[in-house]
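This report refers to the structure that appears directly beneath it.
The chains carry the letters A, B, C and D, assigned in the order they are written, with residues numbered from 1 in each.
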Amino acid sequence: MSFGYLGPEATFTEAALIQLLTAHDRMDAARRPMRSADAALAAVAAGELTGAVVPIENSLEGGVPATLDALTQHGQLQIVAETVVRVRFVLAAKPGTELAQVTAFSTHPHAEAQTRAWLSEHLPEAHYIPAASTAAAARDLAESDVDYQAAICPALAAERYGLTVLADDIGDRKDADTRFVLVSTKRELPAPTGADKTTLVAALASDRAGALLELLEQFSTRGVNLSRIESRPTGDGLGLYQFSIDAQGHVAEPRMAEALTGVHRIARRLQFLGSYPSADGEKVIVDPDMTAQAFTAAADWLAEIRG
Amino acid sequence: MSFGYLGPEATFTEAALIQLLTAHDRMDAARRPMRSADAALAAVAAGELTGAVVPIENSLEGGVPATLDALTQHGQLQIVAETVVRVRFVLAAKPGTELAQVTAFSTHPHAEAQTRAWLSEHLPEAHYIPAASTAAAARDLAESDVDYQAAICPALAAERYGLTVLADDIGDRKDADTRFVLVSTKRELPAPTGADKTTLVAALASDRAGALLELLEQFSTRGVNLSRIESRPTGDGLGLYQFSIDAQGHVAEPRMAEALTGVHRIARRLQFLGSYPSADGEKVIVDPDMTAQAFTAAADWLAEIRG
Amino acid sequence: MSFGYLGPEATFTEAALIQLLTAHDRMDAARRPMRSADAALAAVAAGELTGAVVPIENSLEGGVPATLDALTQHGQLQIVAETVVRVRFVLAAKPGTELAQVTAFSTHPHAEAQTRAWLSEHLPEAHYIPAASTAAAARDLAESDVDYQAAICPALAAERYGLTVLADDIGDRKDADTRFVLVSTKRELPAPTGADKTTLVAALASDRAGALLELLEQFSTRGVNLSRIESRPTGDGLGLYQFSIDAQGHVAEPRMAEALTGVHRIARRLQFLGSYPSADGEKVIVDPDMTAQAFTAAADWLAEIRG
Amino acid sequence: MSFGYLGPEATFTEAALIQLLTAHDRMDAARRPMRSADAALAAVAAGELTGAVVPIENSLEGGVPATLDALTQHGQLQIVAETVVRVRFVLAAKPGTELAQVTAFSTHPHAEAQTRAWLSEHLPEAHYIPAASTAAAARDLAESDVDYQAAICPALAAERYGLTVLADDIGDRKDADTRFVLVSTKRELPAPTGADKTTLVAALASDRAGALLELLEQFSTRGVNLSRIESRPTGDGLGLYQFSIDAQGHVAEPRMAEALTGVHRIARRLQFLGSYPSADGEKVIVDPDMTAQAFTAAADWLAEIRG
């Protein structure tokens, strides 16, 4: 068994995979960093990996476009689990380096943007050197001859590359979380737990607001609540959108099943991306009119009147 | 085989029954006048009659309360056919009577109200004597010693009691129609024809406008159009209503079936009163997203993702 | 000052008028019975009457068609008050008559229908003679030489014509109420009280269920609840309906005003029939988002962004 | 007059500003590159700039988070114009360099991601060196001693820094567009043209799907269509969203004004970000029920019934 993740190694994504493997007692599985979310998912689709972990939503930035798009393009994949990781940056340096010695630092531009308050206070004079990823900045610092003395990276990267943490938790926002999903092929649906999410992507037949209203009514008339709805460009032009949705419940429940078939009928395109236990484990509260029992009672009534 | 109808005999209701029996080539069946819609339906429910014809809707007055209520009270009944009869009154008298000799006339108060324009022009001085029905006015004129010389009644009553028509089609409105339904027990559902109606009565869980909106959405999200929706008091107090509905389509169609189960889940009480061919025979136009094929395609898709 | 009412005198409608005049301390006003709801309202419209009282809704039968239609036809009228009267029948006879002496009785067919349980128990052998109204049965018994010994009528009629009550409250249903409205010309709108109703009649541009949904949304998006919605045939053919609506609130409130202008834009025809204090005096509960304050705050915000 | 833009200079954003200044015949105005969308908008808010151009939406990536967030944070700003720029990358080198001589290239990671197909065909062996922006890669190539021979950048950057275009239009997608907006302070609203957009950000009072439905109904009941609706995290935690919306029409139109006040009442927070001419110049088609005339007619009707 081997699991891929959006690389390079020692990023928050590898931390998420470790978290999921630990929870399922599978830390013996191999972990393989992949060049992109698309490459990771393509390898899963091709059967080269048991599964892959990719970031899907960030509390500051929203949905992760590359992941949402890659999931949509590989039809035969499904999400089977999710986990949430705190985005926590450290300033790391080679052992022996002091903060006062840092005249230049490196990290990914996003991480630089998210640590500016700390930087302007503690390293106002330091020069910024962009890196392709936070972990690459750490690795190069440890292994290559570079022009900087510190890297902004996850704690996992500092540890992996033998760096010392000069300052911990230096992000401007302390409440930034990223949600990661474990994706596998569509062999077997995770069993319903009562605290599940269903993820799907729907492209509407028209771009009018009325079409979105009609989509939402497919859920509301069956008592299904949504925990996330995001518009995503279809890529076919400005203003052409599809919707990426997390709905509360499992496709094994009749209310979710009927809502999905309702969406299937009206949508131009609908992709089911999985039903899986939610990271928070909170039981979904179901309207008494929309329980499996209510569906069964209605179906029995219908069978009787149809004779 | 014997069919009841809202009596007395020779009213528009018997005319409707004759129309239906003729259409189904069953004029050999016995016709029995019943005292009230309730009595007619009770006799059907008790197995004493093969079926019964009762008026359900009038183009001037709307739904017929006594019929709607009686249908609701006898749960084991269903509508199996409908027909429409023009409301056409004649002024009838004993053979030999001239219009100038009419100093008093009799009819049901409703018929008197609907012929006032003609009366004020042609019989401005005549005295009105109320009768329990239009046909009773005709029958008593023919058979008893009464204080009036003319009756306002259907042509069928004049013919039945050997009266002469002094004036034809004397109603103030020439476009008044009444819709009648043939009611039988719930043995067998009429087969779908593509031009069907489904009649039901739903009592909502709350009297708020929102509850009615929610009811209507159960139909609109499945592409089912309504040809009649009428509020009816539940009889439990002012402002407490249930809804009597004619929906376009047959319960054998999946869109109607899903709409009805949706209503079943949210309604406080739901009664199915039948799926039957509409009198006008117009095919119901079904949204391409809501055909049986679209439902089958969605169900197949669901089965596949459920694995 | 003179007020009309749906006659003849001594019916429940006169009782409703007396109730309203008493409440407003105007028992000195003249009361004039009118032949029909239409005649009463026409006289108000013509300025011959200060106002008129007509029945608008019955807890057993629902809306009163003749009144709803007459209100719709006289555009320059408005409802200014409402009151509710218990439908309570008595069996009345000339002083000295005993129940055992009653071999025939008279009343309006509706009253006969509503007292059948009592009649079959206490007067199983008595012969029924139809009358044009309950009060006419009482009056003729008191004043003419008739073939019956008792009349079923309101207590007011027994009292008016000097009859003795042989049995009180003989209706099969003890909870039957009728709602009456006082109609005047559109001089002055009653002031809002916080416990008001607004009555209107809307004909939709199409008969599709979607049009009714759209109508209801005009109210729901402004937080206006409906206490009565009834379909009424437009009289133009079977299945062609308009909607008679009682909405909770007063047209002086911005939420009601905006809902009505919204309906005005989408309806084929809209008639405002009045804003007036509700008979029950219960304050309307207004959603915090829909108060006059919320409307003012939104209007202020709009004015500011419009510059 | 001076206008800022998201720098560095010679990016697509400067191209957008040039396009807008040309259209308004103001090419004499100064153009100032700003470090971030936030810095550009802050300078406008502080009165240091006449206006600023920032990217708001990309046809491949959707809404631009940094811009949407910065617009939301500076309440006193408004969008006054928009323009669309094709995303067209070139491979640029110092004059005299041949493609065969390129062993390393530099650009922003996004640009590298969007040109991979071309790169794998034409420069499969070249080494990639990340840069903070496409224009910085071009500038450094022109002005500094760097380890690469080519930069992937807009044509404007090649021209600005005296570089030669080795290959034009090398993006994997030829149909990628970016929409830019010109932002100024809230002095004066652009006049309505009949082809306008209104941009706003609404945070709902609850995260239930029902709240989004209610938001959309505020637009649909007034016949306002949306050309873009995007969820944006509020930044307060995973799953907490606000909605960034482009609606078709101008706040000077009554249908838009009423929709916005409706949203104002139900939203937890609402920001108006401007009404301005749409880049495509297409007239908005208004439902006949929702024209300014229909609003005026309804307002007149209301004034009349209110007396």
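What we mean here is this: contacts are C-beta pairs under 8 Å (C-beta built on N, C-alpha and C of every residue); 3 or more make two chains touch, one makes a residue touch a chain.
Protein names from UniProt, one per chain: A, B, C, D = Prephenate dehydratase.
Only a predicted model underlies this, so the values are computations on that prediction, with no experimental measurement involved.
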Any chain that touches subunit B and subunit A: none
Same or different residue numbers at the subunit C/subunit D copy interface, by half rule: same
Between subunit C and subunit D, centroid-to-centroid distance (C-alpha), Å: 59
Rounded Å distance between subunit B and subunit C, as computed from the means of their C-alpha atoms: 25
Touching two or more other chains - residues of subunit D: 217, 220
All touching chain pairs, where touch follows the definition stated at the start: A-B, A-D, B-C, C-D
Of subunit A, residues touching subunit B in the complex: 186-189, 214, 217-218, 220-222, 251-252, 257-258, 260-262, 264-266, 270, 272, 289-290, 294-295, 297-299, 301-302, 305-307
Subunit A-touching residues of subunit D, taken from the complex the two chains share: 36, 57-63, 65, 84, 109, 113, 128, 130-132, 173, 175, 177, 179, 207-210, 212-213, 216-217, 219-220, 224-233, 235-241
